[in-house]
Each structure stands twice: as C-alpha cells, then as structure tokens.
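In the part that follows, the structures are each spelled out as structure tokens.
Two complexes come next, and they have one chain in common, chain A, joined by chain B in the first and chain C in the second.
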Partner chain A sequence: MSGDAGTRGRASSASRSYAGLLPWSLCFAVFGLVPLLAALVLSFYDMNPLRPDLTHWIGLSNYTRALGSPAFWHALRTTAIFVVGTLPVTLLLAYAVAALLSRLRRGEVFFRAAIFFPATLSMVVISLVFKSLYAEQGLLNGWLTALGVPPVHWLQDPRWALPSIMAMDVWASVGYYAILILAGRKTLPPPLLEAARLEGMRALEVERRIILPHVRPVILFVVLLNTIRSFQIFIEVFVLTRGGPLDSTLTLVYHLYERAFYHFEMGYACAIAYILLFLVGLILLVQRRLIGRAPAEVPAS
Partner chain B sequence: MGSRGHSVVGRAVAGALAGALALALLAVVVGAAISFASCGHRAPAKRTVVFWQFSPLTAIQPVLDRFRREHPDIEVQVEQLTWQSGREKIVAAVAAGRPPDLAEIGSTFLPGLVADSTLIDLTDSIPDLKPLLRGWSVAEYRGRAYAIPWMLGTRALFVNQDLMKRAGLSPDRPPATWADFAGAVARIDALAPEIKGFGMNSGEREVLFKKFMPFAWGNGGDILDSTLTKSVVASPQNIQALRFYLSLKPHSLLDRQEMLDEAFTRGRVGFAISGPWMLRKLPASSPDLHFEVALMPRPAAGKGTPASFAGAEALGIFRGSRAKADGLTLARFLVREENAMPVYVATGNAFPAAVAAVEDTYFVSHPLDKVFVEQLKTAVAPPVHPRWVEIEEILNGELEEAIYGKKSAEAALRSADARIAALLTPKP
Partner chain C sequence: MSRAAILLSAVALVSIAPLLYMARVSLGVGNSLPIAPSDWWSGGFTLDHYRALGSGSGMGRFALNSLLVTGIAVPFQILLSAAAGHSLARGRFAAKGVFLGLATAFLILPRQVTLVPLYLLFARLGLLNTYPGLILPHLADPFGVLFMAHYYQTLSPELEEAARTDGLSPSAIFWRIVLPLSGPGLAVVGVNGFLTTWNAFLHPLVLTTSESMRTLPVGLALFAQSEHSVDWGALLAGSTVATVPVLLAFAVFQRQIVEGLLQGSGR
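Now for the complex of A and B:
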C-alpha cells in the first residue's frame, strides 16, 4: 500500500515535470528542431529565397562547392583564429577573476555584479560602444596620443581588426564565465579546504590539487559553451567590420549570412551551416575527451 | 513497479498534450463563434494593404491618415523596417510567400529583385507617372519599370568653413575642381596633427564604390557600357579618377561613414562627402561649427561634371502580393509631391522624386537642402543589372585593395574589369 502510494507520488511528480517541460519542448520543436531539419534538407537544394518556385535538388553540390571555395576556407581560418585566440584567454582570465572574487572578504557582491555586468548587455550594444572606443579619433587613440604613442587604426587596419574584435569579445565574456566558475568553487566543502590548510598545503597547491579538480566539470562546461559561442561569432562582425577590411574579419557565420541574404543562395548557406555544425560537434567531442576524462586529483589525506 | 510508473507518466504526458490540444480547439471554436456572430451586422469590409517602409511611423502616419480619408475603403497596415535588417525581412517574407503588398526598396537591393522576377512589371500601369517623377533609371531594367521612384538620395560635399579660414582659404568659395579640392585638403591637413583634410571611407567595403564612382562619373567614366553587356571599369577616365582619389589618402582620416560624420561634427575634418541627414544633425550637435554644403568637385573648370551617387527609395509590388491593385493605389498616392514632401521634411533623408518638389517653397527657406536638389541633377545611379550584387562586390573589393595600397589604381581597376567581364560572359 505504502509502496503503491510512493510510486504514485513519484509518477505524479514526474508527470508535473514533463508537463512543465511541455511549453519549452513545443517552442524548441517549432523554433529549433523544425528549422534545423529544414536547413538540413535545404542544404541539398539550390534555393533562392526570392524564387522558391525554382528550388531544385542538387545533392551534395553545395557541400563540394563549399569545400572547394577559397572564401569558405578563408572564413574558416579566420573563425579558427578567433576561437583559438579567445578561448584560452577568456578561460584563464575567468578562472583568475573567479579566484580573486572567492578570496574577497568585503564587497564581494559589488564586484561580482560589476564583473557580471557585461553579460547583461546585448552584444549589439557592446559592439556599438566599442565602435566608438576603436574609432580613429576615439577614446583609445586619445589615450595613446596622450602617451605619445601614434594612434592605431583598430578596425581599419587588417592586422588589428580581428584582434580588436577578439579583445572586445574576451571583455564581454569573462564576467559570465567567471561567475560560473565561482559558483563551482562555492560548492567545495569548506572542511576540505580547512583540512588541506591543516595539512600545510600552500595556496597554489590548494588551487592546483583541490580546487581545480573540483571545478573541472564547470571548466569543461565553460570551454564547451565558449567554443560554441566563438564559432558562431556574427554580431560583433556585423556591427563593427562587416567582414572587412580586406576580409580580415570574415568569419564563417558572416560568410554564410552574406551568401544567404546578399546572394540569395540559401541552400549553399545551409550547407556551410551544417559543415560548421559538424566541425563544432567534432571539436566538442575532442574537448570533452581531453578535459572530461582527466582524473580528478584528490588530496593525499 | 517501473513499468507501472512509466505508464502513469505516459498517461500524464498524454493528458497534458490532450489538455493543450483541447484548449487550442476551444480557442478556435470560440473565435469562429464570435466571428460568425458578428457576421450579421458587419460594416462594409475594408480592403487592407500591407505596406513596409523605412521612415519612422511618426513621419509616415500623417500621410497615411490623409490616404485613409481619400480612400476610406482601404486600410493601410504600415510597418517600419530597419536599415540593418529590412532586407532580410523582405527576403524572408518573399520566401515564405507572404510579401507585403507594397514595399519601399532601396536602389542597391532593387536589381536583385528585378533579376529574380520578384517584382511585377508596372510599366503599363503607370505611363502617366513617367513625366511626373525623376529617378526612373534606378527602377527600370531594359526599358521596363519594376518600381516607382518615391524618394531620391544623393551625397554632396560638406565643407568646414572654420578650417578653410584657418588654412587661409576663402570659406565662401568651396573647391569646385579636383585641383582646388586636393590643394584645400592638403592645406587643412597641415593645420594640426589631429585635423585631417578629408574624410575617406574605409573599413566598410560595401560603400566604397559609392564614394569613388562620383569622381569617375564626373570624369566621364562608368561601370558598364550603355548596353549593360560590357565592363568599362578599366577606362582611362576611371583610372585617372582613382589615381586622384587615392592622392587624397595621405591627408585623409580613414574611417566608417558614421565616424567620418562624427569627426566632421567635431570640427576635425575639412571635407566630408555625406548626405542631407547631416543638415539636421550638425546644428543640433555642433552649433558653433560653421559649415557649407557644395556640389562635388569636377575634374577641371569646364571639364566633366560635378557628379555624385544617386540612390533611390522606390515603391515595388511583389509577385506574391495579395492586394496588388490597392498597393498601386497607395504607391500612386505616396509619390505625389504634396505627400512625399512631408516625409522629407520629417526625416531629412531623401528628396521626393516628384518633379514638382524642386519648386517647393521649403527649399527657398532651406538653401543648404537646395544644394542636394541641385546635386541630384548631375548624380548618377548604378546600373540596374541582374548581376549587380556580384558586380558591386567585385568593384568594392578591388577598390578596397587600392585604398589599402595592395594594388595600384590601374591594377585594381584592370582586375575588376577582368572579373566583371568574366561575370558578364554568357556561359556555354
């Protein structure tokens, strides 16, 4: 009798959970899954959105065209530079900021909010602010000139444009990931840290042998999330440089946007999107294996 | 126990789905009932025209209110598009088979729509409008009109009179020739390190041809020949114009248009090529700045023309539009001088295409606006060609290489010429 009641209670709780998930699932199906599948189908078609009546099957041609296109490889290379350039810096800075925040005795709430603040802003707003900062006669060049350094053509110089966007992206992301890592650190049982100190471990050793292994799952999550976001870089490029100058900031998503909405090659753009999806999936798998598999170190005690 | 638990969960999920479906059905039934009940005493049905345009609603609404009074049987559903995403929205709507009945379309987007037969041919429906409007070249392809010019835009030369004076130049005599212009740019640039002679666009490839081609057009050059089948990009006139344009670079501030406008507003640039929107912005944000607007410089006194770029906002009706006739009625109403002029006065972006607008008393009391109206007379529109998007991309890309010093003027234009020629060559 009590067993039956327990089963019914669990079932009722589960059904409430499923019912709660229903609105999100419906939204995901309509706005996520259906477009995803439609894009997959479209990637095998020659489709001009202005003439949908002329849409026709071309098999793998869009994929072979992309893989043979210098513009595609250039955009992929630019995106890869962006990912490789921002990911480690963002992660290291986020970890360092989280470590500093966790050591604060006073004002932690204020600094936490301040660090998290950029995450509350839309990337469009951030990009517009940085556009003014990076202007030829903007604030950054004003400071450089005051220091006697010649001004830098941040967004106009092909050598500086991508690093400038990368720097902005790191600034915008660090706070969010720092708070995630900080939350991971907060779950560490205080007695464990206390025991480590009693054992005579130094701060760096505690960080390396206790805290780092403990927050490894959070770091994995941050790496995966940041990798996905970085490969999807679009808004920053759209607002700041539109892929220029001299294609130095032409990323893969911006390239596919141009193909879709300026050249009306929707099928080709979908094929590029799926190649990107495949690449990101592959990289996430490798990252998961590399970071997720490493055994967590535990203190000797 | 497990299977029983799952069956209970399954029943619960099924119940939730059934509940959602029942609610949706109920909503449909209630909606149908209300609609059925109101059928008996419904006012005469109004026809609806869906109109997408770029002006703020506060600017267009008074005009549409007038339209409603004139056409009480037509309701206008107006929507404001943004310059950032309007194009994507139109493309998505056409792809979904739900385009607006009438849309404002920029002249750079128009050729693509014409090429794909997305817009209907209006030629035979609007012969009476032909003599009443200017700017047909942006809306016509092979003699057929696929849109109706509504507003025309161009760029003119903004002159900082304070810097002219400081450089020992007469502030009331803006440079009229290339030589005068280059001299004035160099002298203003020499005033101080933070001051530049000219604002040259860079870092935004999509606008480069609009900034360079006025010099080429003024020098007798062009992009395609009159038959639109052959590239003339590498003509001596174009090469000479690009050499001149690049000669301004050492004395120029290189940045995006909005930053150049900003630098001009702050008095840090002697000359900037910009649009009439600056006429509203400058007195408000920089009341102490003394400036003048002049026609673009011509190659030499008595040689060439003071050409500029001509853009247009045209009104087009899509093949998939549902209320084509009413859309055309609205278009005819909007292009009338008395209806287009209030939109210009409210927005200050582009001038009415209506020929009669030139004589509007507004321009008597606003002489700087009048300069743009004058500039329109020698402004040139890029060709309406089915491959325009690619032609523009090639041209902008090669110009960017020249501006960044990767190629000489001649090499860039020859390369553009070869690539455009290859594009125009019919494939076997």
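Now for the complex of A and C:
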C-alpha cells in the first residue's frame, strides 16, 4: 500500500510541475513568443492596418529598403555617437563612485541610496525634469545668464540636442552601474586586500593590480549592458525632442515607432525591429567571445 | 569627514538636486520656472498645482489607471512567478532547459520587437484601451520566473517531501508549505515588478489611444507635448506624484531592488 502511494505521489508531482508552469507559459507564449515570431513574419509583408486588404508578401524588400534608407543609417549613426559619447564617461564616473563608496567607513548606506535612487525612477519623470532644466527660461540658462554667457537652445539647436540627452543619460545611469561595480568589488576576499596592504602596496597600486583585474568581468558586463540599452533609447527622445531638431536625435527605436504608428508601415517597422534584434545579438556574441561568460552571471553581493 | 565622504557628498547632491528642483517647482506659485537660486526660498509655496491635478487635467485619472494596472498586475506576476519558478526548480522534465533558455533570451532581448504584433493582436481582440490590455503583457515577464526558479533551487525540498508523505495534495503543498517560505524571493519579484509596471512607457503608449485610459507616465509625456506653452508647475507636480510611490518602495525595499538588479532585472 505504501508503494502504491509512492507511485501516485511521483505521478502527481510530475503533473504538478506542468500545472505550475502552465499559467505563466500561456502568458509568455501569447504576449512574448508569438509576437516575437509574428514580427519576423510581418517583416516580409507590406502591411498597413488601415488597409488590411492590401497586405501582401514582399520578401526581403523591407530589409533592403531599411539598408538603403538614409534615415535608418542616420539613426544608427546617432546611436553610435550616443554610445561612444556616454559610455566612457558613465563607466569612469561609476567606477570612481564605486571606489569611493567602498572606501567609506561610515555612511555607505546613505550615500549608496542617494546615488542609486535615480536608477529606479521613471525615465519619463527624469526626462521631464531635465526638460525643465534645459528650457529656454530654465535653470541652466539662468546660470549662464548670471555668468554673462548668452543662453543656449539646449534642445532646439541641432548641435546641442543630442549632447543634452547624452548628459542626462549619464546622470541617470551612473548610480545603476556604480552599484553593479560595487557589488563586484565586494566579492573580493578581504584577506587578499589586507595582505596587499601589509606588503606595503599603495592604495592606487592595490586598485590597479588587484581590484581592477577582479572587477574586469563586471566592467565588461557594464559596457555590454550600456551599449544594448543605448540601442533602445526611446523615452528620452520622445519626451525631449521627438527626434528633432533636423533629425539630430533620431534613434533606431524612435524611427521604428514613427514608421509604425505615424506612417502605419507595420511590416517595415518589424524589419527595423529585427535588424535591432540582430545588432543586439551581434553585440552579445562579440561580448561572449571577449569574456566567455553569460551576461546573467554577474557576481551577486 | 574623510575625503571620500566629501566627494560622495558632491555626487549625492548632483544625483538628488534635480528631484528637489522638481518638488520645488511643483510647489511654486505660477507656471514660470524659478531660475535664480534666491527664487528657491523666496518664491512662495502653494499646493495649487496639486489641487489642479485632481480637477480637469486628467492627471488624477492617469494616476488611478496606473494604480489599477500596477495593483492588479503585480500580485499576478508574483503568483505566476512562484508557481512557474517552483515547477522549473522541482520538476524533472525534458523541456525544462527549453523554458529556461527562452526565458533568459527574453530577459536580454529588446522588448520593442514585440510592439507591432502586440498592437495588431490587441486591436484584433478589442483589447486596445482596456485594463486587461494594459495588464496582460506584464504577466509574460520572464524575470520573476527565472529569479524564483533560482530561489527554489537554493531552498531545500525536504519540507515539501515530508508534506507529500503526509498525504498533502500538490496544490496544498504549494499554497501551505512553499508560498509561506517564499517571502524573501517574492519581495524581490514584487518590488521589481512594481517598478517596471509603474514606470512602463512604450507598450502603454501604443496600446492606448483614448485619453481616459492613459497611465501616468504616458499621460505626463503627452501632456508635456501639448501645443500651448508648457505648464511646468502642473507637469512637475504630476512627475512628483509619479515619483512618490517609487520613493516609498525604495525606502522599504532598497535591498530587494538592488538584489533584483544584480540578478538581471534591467529595464
């Protein structure tokens, strides 16, 4: 009889594991997997939701159109400028902040909270606050005027719009990456640092010869994450500039959004989305080659 | 104070000052921005902008929508994540690796890829401008499932096996044994789910076309683009309203937010 109960127990535990997985799998399939595959199929069609009867297969035309479109390359170039401009600054600042935080004897909790908090905010809120700072009559121009410098049209001048968004991005992400790097530092065994100090190593030398090699994987992860996130910039552009002035802040996702929801070129937008997916996949692959570890394996604190 | 503390004070000030500025403008008189430092203190304080939010501007409705969507989505996210995560951690079936692989891929993948098909699907199903339409996409989020699968792997199955030999049914084991032991993990899933749902923008923007169904971030962003001169007081009062719940969650769950972030709950 006990054997009987055991068999039944095993059988029901197997069905139990499916039962638990079912609700989420259903949602994941319908709102995740199916749309993902549908986007690939749609990218081979000419499709306008206002005229669904005219939908027809056009093969790779959406892709060739994107690769031949100046707007697409412009959006890609904007993204590249964004990455090259923000990444080194964000990384250096985040590294410095993490180093300072690890040096504190007291008050780490307070400073960590103050510096990390912006990372939890809605990007819409951040963008609105900076929009007020960058406004013609805003705080920044108020300071410039006080210094006797003529005001700058931060968001209306094609030369300044992108750098203004990039500066905001640095502000919004330094805390986030500083916390990641700090967590990486904390996985270093304290006896190792003690020993280095006892051997008479100077702080800068400890930093360079022991800590930096140790947090290298985290730094590469930050580089990867920041690059991937830069490819997906949308809210900042939507709130601050709508891609303008003169397309100076047109990013890939904003381009996708405009094509899909202003021009109703759904198939074309899906092709752009798949090119984005391909590019992100490419970055991941390169990163894998470089450090040979999955991005999810950041050492936890 | 050490040199590190002095430098960090400067960094902390830079990272908090824009938010203090936001709160200051939201409490200011009139619509103009206080630009001189002296205006910060002498400009006068009033709750007018907050009172105006409640009436007319629609912001009250947006906040209510955000509360509803988040309030319904997050408990479901928690439950689905616990159930699926537990199955993945305890179950022994062939497709397990497939589930884990797909969920991990979705964690990294740019979400914008699903935007157009979701819009078309929801248009077909009549889910545009509905609460289910705003809530359902959040239930597919893979972070909670992966996090809970990992959590249950570190949790010893002994208690569950003992309950099974005592003759408890699998669902009774889940509700009475597993869930009560899941608090710390579910707190991480819950607070990160709250942040992503409350702050969500692109999908709610596309899946709503009627003003009355906008969530707070969408309503704020579109309000900022209105043709007339920008009403900074109202805009930043709305931003402050959108920030207060995040601040409260941060105050209580900072540790869990950081843990979620380290495990890959990036936005």
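One rule holds for everything that comes next: the second predicted complex is superposed on the first by the 255 of 301 C-alpha atoms of A that agree within 3 Å, B and C clash if a C-alpha of one lies under 4 Å from a C-alpha of the other, contacts with A are read in each partner's own complex, and residues count from 1 in each chain.
Assume contacts are C-beta pairs under 8 Å (C-beta built on N, C-alpha and C of every residue); 3 or more make two chains touch, one makes a residue touch a chain.
Owing to the predicted nature of the structure, the values given are computational and were not obtained by experimental measurement.
Q: Using the touch definition from the top, say if A:Pro49 reaches chain B (first), chain C (second), both or neither.
A: The answer is both, since A:Pro49 touches chain B and chain C.
Q: Between chain B (first) and chain C (second), which, if any, makes contact with A:Trp73: first, second, both or neither?
A: neither
Q: Between chain B (first) and chain C (second), which does A:Phe278 come into contact with in this model arrangement: first, second, both, or neither?
A: Neither chain B nor chain C is touched by A:Phe278.
Q: When the two structures are overlaid on chain A, which partner does A:Val30 contact: first (chain B), second (chain C), both, or neither?
A: In the superposed model, A:Val30 contacts chain C only, not chain B.
Q: If you stack the two complexes on chain A, which partner ends up touching A:Met266: first (chain B), second (chain C), both, or neither?
A: A:Met266 sits against chain B and chain C alike.
Q: So, does A:Arg105 touch the first partner chain B, the second partner chain C, both, or neither?
A: After superposing on A, A:Arg105 lies in contact with chain C but is clear of chain B.
Q: Between chain B (first) and chain C (second), which does A:Trp57 come into contact with in this model arrangement: first, second, both, or neither?
A: Touch partners of A:Trp57: none, neither chain B nor chain C.
Q: Counting residues of chain A touched by each partner, does chain B or chain C come out ahead?
A: So, of the two partners, C touches more residues of chain A.
Q: Is A:Ala39 touching anything from chain B or chain C once the two structures are fitted on A? First, second, both or neither.
A: second
Q: Looking at the overlay, what does A:Pro158 touch: chain B (first), chain C (second), both, or neither?
A: first
Q: What residues on chain A does chain C touch that chain B touches too?
A: 12, 14-16, 18-19, 49, 131, 135, 137, 242, 261, 266.
Q: In the complex formed with chain A, which residues of chain B make contact?
A: Contacts found on chain B: 1, 4-5, 8-9, 11-13, 15-17, 20, 87-88, 91-92, 94-95, 97, 112-113, 116-118, 194, 202-206, 253-256, 259, 262-263, 266, 268, 389-390, 393, 400-401, 404, 406.
Q: Note which residues of chain A are touching chain B in the complex, please.
A: On the chain A side, the touching residues are 3, 7-8, 10-12, 14-16, 18-19, 22, 26, 48-52, 131, 135-137, 145, 153, 155-156, 158, 161, 241-246, 261-264, 266.
Q: Which stretch or stretches of chain C touch chain A in the complex?
A: For chain C paired with chain A, touching residues are 2, 4-5, 7-9, 11-12, 14-16, 18-19, 21-22, 25, 32-36, 79-81, 83-84, 86-88, 90-93, 99, 102-104, 106-110, 112-121, 123, 136-137, 139-140, 142, 145, 164-165, 167, 169-171, 174, 195, 198-199, 201-202, 205-206, 217-218, 220-221, 224-225, 230, 232, 235-236, 239, 242-243, 246-247, 249-250, 254, 257-259, 261-264, 266.
Q: Give the list of chain A residues in touch with chain C in this complex.
A: 5, 9, 12-21, 23-25, 27-28, 30-36, 38-39, 42, 49, 97, 100-101, 103-107, 110-111, 113-133, 135, 137-139, 141-143, 146, 171, 174-176, 179-180, 183, 225, 228-229, 231-232, 234-235, 238-239, 242, 253, 256-257, 260-261, 266, 269-270, 273-274, 276-277, 280, 284, 294-296, 298, 300-301
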